[in-house]
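Look for chain A in each of the two complexes below; its partner is chain B in the first and chain C in the second.
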Partner chain A sequence: MSGEPAAATERLFFREAIGRALREEMRIDPRRIVMGQDVGAFGGSYREFEGLFAEFGASRVRDTPVAEAAMVGIGVGAAAAGLRPLVSVTYMDFIMLGLDPLVNYGAKLRYKTGGRLTAPVIVKTTSGARGQGVAHSQCVEAWLMSVPGLKVVAPSNPADAYGLMKAAFLEEGPIVYVDHKRLFPIPGEVPLAATVTPLGLAAVLRRGTDLTIVTHSFMTRTAMEAATAMSAQGVSCEVVDLRSLAPLDIATVSASVRRTGALLTLEEGQVTCGVGTEVAAQVQQRLGPIPVARVGALAAPVSSNPVLEAACLPDAPRVVSAAVALLGRRRSDAPRPVSRKS
Partner chain B sequence: MDLIEALHSMMLIRAFETALARRSDHGFQLLSSGEEAVAVGVCSALTADDQLLTGGRSIGPALARGLAPDAVMAELLGKASGPNRGKGGRGHMSDASAGFFGAHAVVGGNISIAAGVALARSLGGEPGIVVILFGDGACGAGALHEVLNIAAIWTLPLLFVCNNNQLSVSTPRTAALAPKALSDLALAHGIRSASVDGMDVVAVHQAAAAASTAIKLGEGPAFLECTSWRFASHSTSTRETRGQAEMAAVLARCPIARLDAALSTSGALTPTIRADLERQVDAAVAKALAFADASPYPERDEATTDVG
Partner chain C sequence: MIYKITVPTVAEDVEEIRVLEWHGAAGQDFRAGELVVELETHKALVEVRAGQSGVLRRVLCQDGEWAKVGIPLALFSDDAVEPLPENAELARDLAVDFVVD
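And then the complex of A and B:
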């Protein structure tokens, strides 16, 4: 913010920001452990766990068999018994295998024990398409948002990747931390001081007056690209990065939409029952009818075929064209003479 | 092993479940009548440091672990005086402070949880073992097979106890599970395993105690199959599929009558002692019902408390 001295930062790749948060947290407390496929000496499929095995050893950085259901269940059970585990599910597509212990046990444990047990487990999983095909590309975070007792975050930049991981370790219950294949190699400034990004707090990344774009994770970059393109056409877009999907910061989104008067939601997952659908419904509950457009992947599997993958995923031109259509609709709606029958 | 105490414990479970089943205000219940020797035999081999987790058929195990009948009855009848304020209820009761980490009524769903509890123990250097009690139904589920493998490679202090009552609702074990003995499932992972007569509380106790000792010596997990017979249908709202002749043969295997006969023959159990045990059990059940009936339900507001 202007007027405040700029905090000292370091430049880290997204994957390094995750690693730094884990290193700091594991140094604080021996109960914090990491488990998953190839998290040990290999350092994680995206090198986000690099260095942890060397520092903390095989007991706290545990390679597991390919058994997501058991891994998530063991993480949930260990959390209920006093550890603070992070379970890595390499591809979000495979979180489906771990949903039974996560949803049926972890998310309900505090409730079903009358508050006597909780399962503070972090399930870190990687979403998004980058040429890996129909069962290694999905963004199913919207499924998880409807589970009472489960929190969901999805950072879009290294600072939040760091800050939300720090926040995840403060949670008393289960939380799913969604990162993204295309974000790992992206650099950004991360505060040198230990910093927590609070859950349930969206970030306004760009101010604008004509339209609010609400998004999260890698699509935040697509939204910013689209906003820049529209700016050249004289359309001023505000971009809100949700960061946290459950809890959802509908206050920040609503305040933005109240200013701009129109909402476009953007996600890489499906629009049907998607994050944007929920955002739009909650905003309209607060503000009444507003012009809304939802942009997401086409209603089809995401192929590893480069042409088909690109055709399926939302990109800046698709966002621009949806925004133009939305604003055109608003303009054509707005000046219409209204016959007042009082 | 105190055999009179074992008899008392089994009689309490039977009387408790019989009284509960007569009620109409509990929805339905998953009874373990007929399987008391598994619960009592295993729990009599445990110490205060150990933790027990179970599937949904958990009334017998909870009582055998030493949870107060008052509290168990209150929880099962949905009362706020239960250990989980009546919010867990049937199939989800828990009192970790009493060594009963809890029930979880997803078949096979508590097995990986138990392995996690065992991992926490192991990393924390805490004494005691973790016992996961599940039915033969869970032996067809992937969770068991995944966890057997991990428990073996991580030498977790985990005792797998399969209460093989030979029926998954109506489906016989022979139609659902390929292994000749369910304890064979452990062999592929190099896990110490045994199969015992689950209607013989002494045999169950001895096998559980031996397994527990081996686990505490650092030998890694163990697997115990206890073959039993369920006296009731799957749940109090499920129709019985077995005929009269079959049921008569099943009921003739009663683990309580079996221990009673053995103790009477040896002279350890006299009619006076038995009458005294019956009086104690009946009084405990009556007190539990009175306690539960006198307790309030949770307030409606509690539908949204302790959620997340």
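And then the complex of A and C:
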């Protein structure tokens, strides 16, 4: 507005933050290309590629058939041959088809060739449940964290969507960029200046003293909602957004848990071998035994039936009840003062 | 009578929209069915049409500005000289039709 100092940020939809990063990076380097289903004139399923086809043309913004194994394979190969491709796998469920080229070739290429070849490819994919059923809803980012040579990021807001995409383009190896269907409707402030969100750096979204909630992607909103609800009950939660899953910023998480004394992990994917399981194990390695609760989806497929979908997914009330149980347990485990006999 | 247009609930998960373009300025008469303003969500354009006739009196959220669902975007009145209230929230809702494209 007039009369106010110029803002250092602009308000963008999540998709616009992704689009801005892509546009800037493609202008800098002609080796940067985009490929995927409907990324061309259509502009992407979430309009995140809008304008790129008009600006950079069909040779750099390439529509592909519905063939994820081939798309990821071509992306890894093109990266090894000198391009800097971004491959868009619209729904994360279908990254499964691309795991052979991504894991067996892309992630191992530098090691296998003694550093002569690398595969700087970004696989961008959209996770999360929103009414689309068993094969268009999953969050399988935890599977990818265990692949040596593969990096994984998951922004929770437009600023990080922009900053982590900028960071992804600086990588010399493969990286999976995981966004989420339910983040797309949400706008947020993005720095006007070109800004990189460093990999492996978590963000503390809320300070608290009683409990640390560690989460990522859309579940940061659920965590913040739960933290607000608990604050009304006198429980002070710290909320840590991992932002980057591989590498994992266990130093920030551990420092927080050392202060609060309890850890609750929250993710939309499965808890078994999940992001939270890894976080909890690494924190306990550093700090010794601490009270931990893991919250995630129930061990069931995500239904397209909205009642069953909601039943499967974690929400704020479920986080609150897990936190209350965890803190209750901590109190009952604590050494009790010796009662004086009268 | 003074009326307001507010940001409609256009889709699940949409909490905030951006005003794309007003199709008129303060003082302009609108008849039922005429396009008043276009709004933008993350995915869709929303055409907001007058559901009754009225005079656009004051635009509260300009082209390119953001507003959350339920926030007043503009004031209308039956008559071009009726005094406007200090608090737009108190005005009645103008009948509108909206189409999500």
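Note that in this section the second predicted complex is superposed on the first by the 327 of 342 C-alpha atoms of A that agree within 3 Å, B and C clash if a C-alpha of one lies under 4 Å from a C-alpha of the other, contacts with A are read in each partner's own complex, and residues count from 1 in each chain.
One rule holds for everything that comes next: a contact is a pair of C-beta atoms (placed from the backbone, for glycine too) under 8 Å apart; a residue touches a chain by one contact, two chains touch by 3 or more.
Keep in mind the model is a prediction, meaning the values are calculated, not measured.
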Clash or fit: chain B and chain C on chain A?
-> fit
So, A:314: does it touch chain B (first), chain C (second), both, or neither?
-> neither
Where does A:65 make contact in the superposed view: on chain B (first), on chain C (second), on both, or on neither?
-> first
In the overlay, answer first, second, both or neither for which of chain B and chain C A:104 touches.
-> first
Chain B versus chain C, judged by how many residues of chain A each one touches | B
Touching partner for A:15 - first (chain B), second (chain C), both, neither | second
May I ask you to decide whether A:46 touches chain B, chain C, both, or neither, giving the answer as first, second, both or neither?
-> second
Which holds for A:269: it touches chain B only (first), chain C only (second), both, or neither?
-> neither
Could you state the shortest Cα distance, in Å, between chain B and chain C after the structures are superposed?
-> 30
In chain A, both chain B and chain C touch residues none
Chain A residues touching chain B in their complex are 31, 33, 59-60, 62, 64-65, 67, 69-70, 72-83, 85, 100-101, 104-105, 107, 110-117, 148-151, 173
Touching residues (chain side chain C, partner chain A) in the complex | 11, 13-16, 18, 41-43, 66
Of all residues in chain B, which touch chain A in the complex?
-> 51, 82-88, 92, 94-97, 101-102, 104, 106, 109-121, 123-124, 142-143, 146-147, 149-150, 153-154, 305-308
In the complex, chain A residues that touch chain C = 11, 13-15, 46-47, 130, 182, 184-187
